[in-house]
Amino acid sequence: MLWAASLALFAPLLGAILNGVFGHPFREKAHWPAVIAVGISMLASWWILGRVGFEPVVLDLYTWIPVANFVVPFGFYIDSLTAVMMGVVTTVSFLVHVYSIGYMHGDPGYRRYFAYLNLFVFSMLLLVLANNYALLFVGWEAVGLCSYLLIGFWYEKKSASDAGKKAFIVNRIGDAGFLLGIFTLFATFGSVRYDTVFQMVASNPHLYQGALVAATLFLFLGAVGKSAQFPLYVWLPDAMEGPTPVSALIHAATMVTAGVYMVARSHLLYSEVPQVGQLVASVGAFTALFAATMAMVNDDIKRVLAYSTISQLGYMFVAVGLGAYTAGIFHLYTHAFFKGLLFLAAGSVMHATHGELNMQKMGGFFRKMPHTAWTFLIGALALSGLPPLAGFFSKDEIIKHAYVTGHTFIWAVAVLTALLTAFYMFRLIFLVFFGKPRDAEIYAHLHESPPVMTVPLWILAAASVGAGWVGIGEEHSVFHRFLETALGEFHLVEWTVHRPAGVGLIALSVGVALLGILLAYSLYLLRKPDPALLARRAGFLYTLLKRKYYVDEIYNLFVVGTLRVTAKVLFWGVDRALVDGTVNGTGWTLAATGSVFRRWSSGFLRSYLLWILIGANFLVWFLLRSGGGH
Amino acid sequence: MIYFFWLFALLALIGALGVLLETHPVRGALYLLLAFLSIGFLYILAGAPFLGFVQIIVYAGAVVVLFLVAIAVMSLRRIPDDRDLGPRGFLALVFAGAFFLVMLALLRHAPVPAAPTPTPGAPQPLAEALFRQYLIPFEIVSVLLLVAIVGAIVLVRRRPGP
Amino acid sequence: MLSLVIFLPLLLTVPIVFLRGRRTVFWYTTAATFVEFLLSLFLLKGFDFHMRGFQWVEHARWLPDLAASYHLGVDGLSLSLILLTTFLTFVATLSSLNYIQKQVKEYYITLLILETGMLGVFAALDLLLFFVFWEVMLLPMYLLIGIWGHERRIYAAFKFVLYTMAGSAFLLTAIIVLRLHTGTFDLVEMMNRSGTLVPAALEGLLFLAFALAFAIKVPLFPFHTWLPDAHVEAPTAGSVILAGVLLKMGVYGFLRFNFTLFPQASHHYAPLFMALGIVGILYGALMSWVQEDLKKLIAYSSVAHLGFVILGIFTFTDWGLQGGILQMVNHGLSTGGLFLAAGLLYERKHTRDMARLRGIGKAMPVFSVLFGIVMLSSVGLPGLNGFVGEFLILLGAYKVSLAWAAFGVLGVILAAVYLLTMFQKVVLTAPTPETRHLKDVSPREFVVFALLLVFIFWIGVYPAPFLRFAKAPSRYLQENVKGAVAAETVPVMPAHQEVQP
Amino acid sequence: MNPTLYLLLSLLLFGLGAAGVVLRRNTLFMLLNLELMMNAVGLALVAASLAGLLEGQLIVLMVLAVAAAEVAIGIGILVSMVRLKDSPLVDLWNREEP
Amino acid sequence: MNHPLLGFLTAAGIVFFGVLGAAAYLVLAERKLAGYFQERYGPNRVGPFGLLQPLADLIKLVFKEEVVFPQSNRWLYLLAPGIIAVMALLPLAVIPFAPHFAVTDINVALLYVLAAASLGTYGVLLGGWASNNKYSLIGGLRTANQMISYEIAMALALVGVVLMAGSLSLKDIVAAQQHLWYLIPQFLGFVVFLVSMFAETNRAPFDLPEAEAELVAGYHTEYSSMKFAMFFVGEYIHMVVAAALMTALYLGGWYGPWKPGFHWFALKMALVLYLMIWVRWTYPRFRFDQLMRFGWKVLIPLALVNLGITGLVLLR
């Protein structure tokens, strides 16, 4: 087991070093070491997936930070949750690597790209495999670094490097919260290792109530930063500046899900403090709805998919927030596949239109790009949650769980978001693939992507369809029983209300999805109520959505703006004027008094003589005053 | 005897005034000579013949000669208005006068006791004191003189070059 | 042995006079500093990291009637700083080949004398000897800035000296007052009698006097304005050593003198200095964010980093102290690296203004990677050396109270802000015609960075050996302060039991 | 013949001498006045010896020697002044206001 | 009151006229002896064997026309010859011509003599300056230099004598030479004193200042008639006084083998005068730098040596 884990972890690292430092000989064929490394890692992960037993395997390689009683090991914690995560991460990464060969072909930074990608896989695996919160944090930040490098990959473009910087800093804000969480844990439990912490919480749960609330809240702050939940989501839409396979891998399947994984991993903590769970769920729900509204009006394919990712993550947080950890992970699992598919398909569209992303300029691509179109359609259907596909099972389970545990408000929001999701996905499909081509010039150059890109698309499409079946049957499904060992007592959280969930529930969610598709169909294909007309009548509401609630502007104005102004004021006011002022001031006054005396020695010889005479006078006068003579 | 004192005192004052007011170098030097001679005689009158004659030999005999030789060698001419009667000159007079008055006040404040009639002292006691208690100052003065001689020579030596 | 380590550089300056040619002098000095570094490594042999007191002790008569003796000794704390000094001096020398054109011999001689001064400060166990070395170290630094500096070097050098002298004036008076009360200059003797060293009222005053001198050196918030000017004007090697070692002397002073001799006062004033640390962190970060001059930015960043260290050591917790001491070494490496990079850019473009250094990513890829790693270590990215220190410091701060840690963490965020902004401005932008065809890193310069990176990665991945340095001293300081505070009335001799790691 | 008369005279001479030194611009006359002042001092000392203090005369000898040395150097300076600036006026040697 | 003053005045009158007469006839003697040295007769026309010659010269000079040229410092011009004459006469007051006969005696007699000698320089200096021509000025300066330099040598030699006699008063010095003339123990001193006497009186080898050849007549070029006479007579009076001093200091004054008295004093003076005249007409003149070098580098050291020896001798 140790060998498999280390192999899975260190293979990508080796690949990254090979490409990065010694990559010169590979220049053109840099993708080989990268793809092989991820392939090895994928195989190792599948092997672990097969072998993981009931008891979590804890392995320590060496002691990382030994300070007094704060001993942080560098070790692995492998259980079913880890296995699933590893599986998802490595598989999607492998497909993205293959896809990137085609996508990134001819890019000057080819070698650098694959090095960063491998480094990312290594960091993600480190995050997943870590057996203590500190090491988790190391992976956490490393992943942040890789996203910074990959978003800002084409750093000549100012918008790209700005987006990279923004991503890293916003993540860093989240990480700051995460750090405080780790400190609280250590302060209360005296250790950051999962096994000790969980064991202590399990043994006497009500002992640490106060500390647990603080810890879970801080940890959740970290998750918000990393998984782009409200209010720290602003970096994800800008992250689309990076190459599309990067968006697919990092901003759909893996990194953003780290937050969900972390909450799932510390399910014991969150179960102890249900009120925090409810907070998590409500934040998740709100983000889902909030992102969905913005996705409806956006014209950039990748931005729409980005908002949809934020919204789906919101769903996952609703699940883990309400205690349905397995459901959350299940949705994460399925979402990875169809969102990855959607992004890669968008990538191939972009590849074909040479970087054009604006939907308004597209239309009728179906005939020219059948493979991309079909796979895109499958992904959209999965995302909207239509029965046979994966999306339906995972999303429906979350909605059912929300209803069952009596959180009707969250349930309502979830259903509404499902409607909006279906609507904006099919808006995208009808605008891009159906209808008349709006820009002849682009339409003329259209061509289907090469097989190296379309094959991964079809594999993902198959996964989007098949992935869901594993979870049929809720509690008794294959997936749930597998995760039982890791996520433990499924019913730990006794919610006050326990309403029976009838078949009607399922029918409602499917109906809502179909309604969404119908609306999109009528609006964008038949143009019965012309969207432009609607937009004008909606007036303020439309522009609000269009401008993304002016959130970016608000941030820049308040947070960045005020800080910069205070910095300037502080620099000129305090540093220059106050401190330097006093120092130079003393210097100046000394010089001034000096010059007063300088004038006294006028250089006129005979005035010196006069002064001597005057001096003599005073001397004698003084002698006289002091009772001269004996 | 007393009127001799007034005579020489008067001559000394005339000499001093002469030096103060005279502009012609040689005549100035001669006034000084007059002052020195009268002071010499005053020493003799005050019962210090040795001192008086030494004063005459050294001051009158050598110093003024040196001045005259210097004047002759450098052919110094008369500089008509070399007296500075501006504010500085005025101040000088004021303070010289003030000094005189202050010293007078000091004098009155601490009068010097009128001594018994002075014995025309032979040089013996003076020599006695000079070479007994005050031998060291005597040696120091001799060194000083040596330094002065060397100094004067070096100062005036025509250095080669400009 | 210790005296040899300290005075070897001084001896090695002699042959320089007879050498000719800029290159020969350069290679000679590099070799000299390398030998010095190896020699200082030799101190490690047989060094017992658990032993509480001082090792390699040398005691000789110096000024018997003043009760001042030539007393040298090293413990974990000073040994780590000595190794840092010799290593950084070696790196600094290696980097100053074509940076120094005029008066080359004098430059290298000053450098070696400076090294002697610094080593002396860290090894001195006699207050007077400490003060002597403290002043000896000042002069060469003044020359380094004053002669080989840039445009406003005179002003900067002058300000540097004035600030430090003002501080050392207080330092000297405090030492003398201490001497009068305890009857000796010897630190070890004072440590044995700690607690009742000085009447309580005076202890506060002496603590503040020492603290002022060291605060100026650290530099803590109100006394920091000399640092940016000194750094902007100093040559690369000067900046590296100034940032790498001189700033640590202030912290070393706090640890060696303030905490050991005045435990009560240290505890009493801890919140004040932790606040100053926090202010330093935030103020430094904000300042560097608005700077246009690259070196000034790095200077303000070291104000922020040192703020962290001060925050750490004043927590009097194991993690804070060990984190602080480790962070001193980390800061030396990362900020040293940043200054080397700045120097390298200055050698090529003769400007420090970031506007004109824009977009060197394309032309100098290797340099960008090296510069990036050093920048990330300075940001405190986990896996590199900065993180370990910062993590421990914040942990220590958290133990004292959540508020301190919260503010500290703010510093972590701001660090990312200003450093990434700088990195983006300089490296990650489209190259301008000016920076299009710059020469990339030469082999020698690469070695300079490689040396630093080895340690940056080593401390990041496996910090255990480096943390061992600080174990015994921090344990002693913690007990000393805790002991003094607990026994407000009856001074208790610090228990001398063996400590299990 | 009593000493106060002598002292009075020496004071007068000294005052005149001092005024002279400051008033006159010609270095020669400054030196002359200076000599006069030295003699005035001698006179005062003799007055002291009159009042019984025999060492007074001795000191006069010393003063005399010093005065002689002083003249030698004074004339030396005068010579070099004239040699350099062709005129004995003191004001040529003032340093202008920097 | 009148008794001491009267006695003083009569003695002064006797000495004054005696010396004046001696000086006058000294001029004649010099010219006669110069002639015999050069194997020719001296002046013998005026009176028997030329004895009235000095009278004739005197009358000639008195009636010469007063040539006075316009120039600023008339007073100095007139004063100069007077100074020389007066200063030459002053020492006579203290010289003990006979056992109980001296004009006066003060215990710092020697200093008085030295003072007179040093003041003498003024006559020469002022004369040279006042006559307003380059040659006389240079002559005056040179004479002044010469006299000052040799004065030092003379003073040091005298100190030797004072050491032996133990007093500065000439009477005591003469009294001390009763058995042993100071000529013998102070021989070195005597030589130095003799040579410096020649320099003081500007005679013979040291008469450079008014050397005819280069400087026309030295400082008294511009003087004529009465003023020139004053210079001329002054010089001879100075010779007589010098001789008197020498006899008083080194040749035992009025002591003689049988009855000591004035006649011995006169005899010794005559011998010394003869010596001076004799030297004048035999030795060539010194160049100025030789003169100065001789004065500083030979005479003064010699005097110091003599002083050293006498000091050592006396001490033991």
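The letters A, B, C, D and E name the chains in turn, as written, and every chain counts its residues from 1.
What we mean here is this: a contact is a pair of C-beta atoms (placed from the backbone, for glycine too) under 8 Å apart; a residue touches a chain by one contact, two chains touch by 3 or more.
Predicted model, so just to flag it, every value in this text is computed and none were measured.
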Could you tell me which chains make contact with chain C and chain D both?
A
Which of A-D and B-E has more C-beta pairs touching across its chains
B-E
Centroid from C-alpha atoms only, then distance chain B to chain E, rounded to Å. What do you get?
29
Go ahead and note the Å separation of the Cα centroids belonging to chain A and chain E.
127
Taking each chain's mean CA coordinate, chain A and chain B are separated, in whole Å, by 104
State, to the nearest whole Å, the distance from the C-alpha centre of chain B to the C-alpha centre of chain C.
73
Quick check on chain D: which residues sit in contact with 2+ other chains?
18, 22, 25
By the touch rule stated above, which residues of chain E touch at least two different other chains?
none
Touch relationships between chains, expressed as pairs:
A-B, A-C, A-D, B-D, B-E
For a test of understanding, state which residues of chain C touch chain A in their complex under the given definition.
159, 162-163, 222, 224-225, 283, 286-287, 289-291, 318-319, 322-323, 361-362, 376, 381-383, 387-388, 391-392, 394-395, 398-399, 402, 405-406, 409-410, 412-413, 416-417, 420-421, 424, 427-431, 461-464, 467, 501
Contacting residues of chain A [partner chain D, same complex]:
602-606, 609-610, 613
In the complex, the residues of chain D that touch chain A are 18, 21-22, 25, 90-91, 93-98
Can you list the chain A residues touching chain B in their complex?
606-607, 609-610, 613-614, 616-617, 620-621, 623-624, 628-630
What does chain B use to touch chain D in their complex?
1-2, 5, 9, 12-13, 15-17, 19-20, 22-23, 25, 28-29, 32, 35-36, 39, 42-43, 45-48, 50-51, 54-55, 58-59, 62-63, 66-67, 70-71, 73-74, 76, 79, 82-85, 88-89, 92-93, 96-97, 99-100, 103-104, 107, 111-118, 121, 125-126, 129-130, 134, 137, 141, 144-145, 147-149, 151-152, 155-156
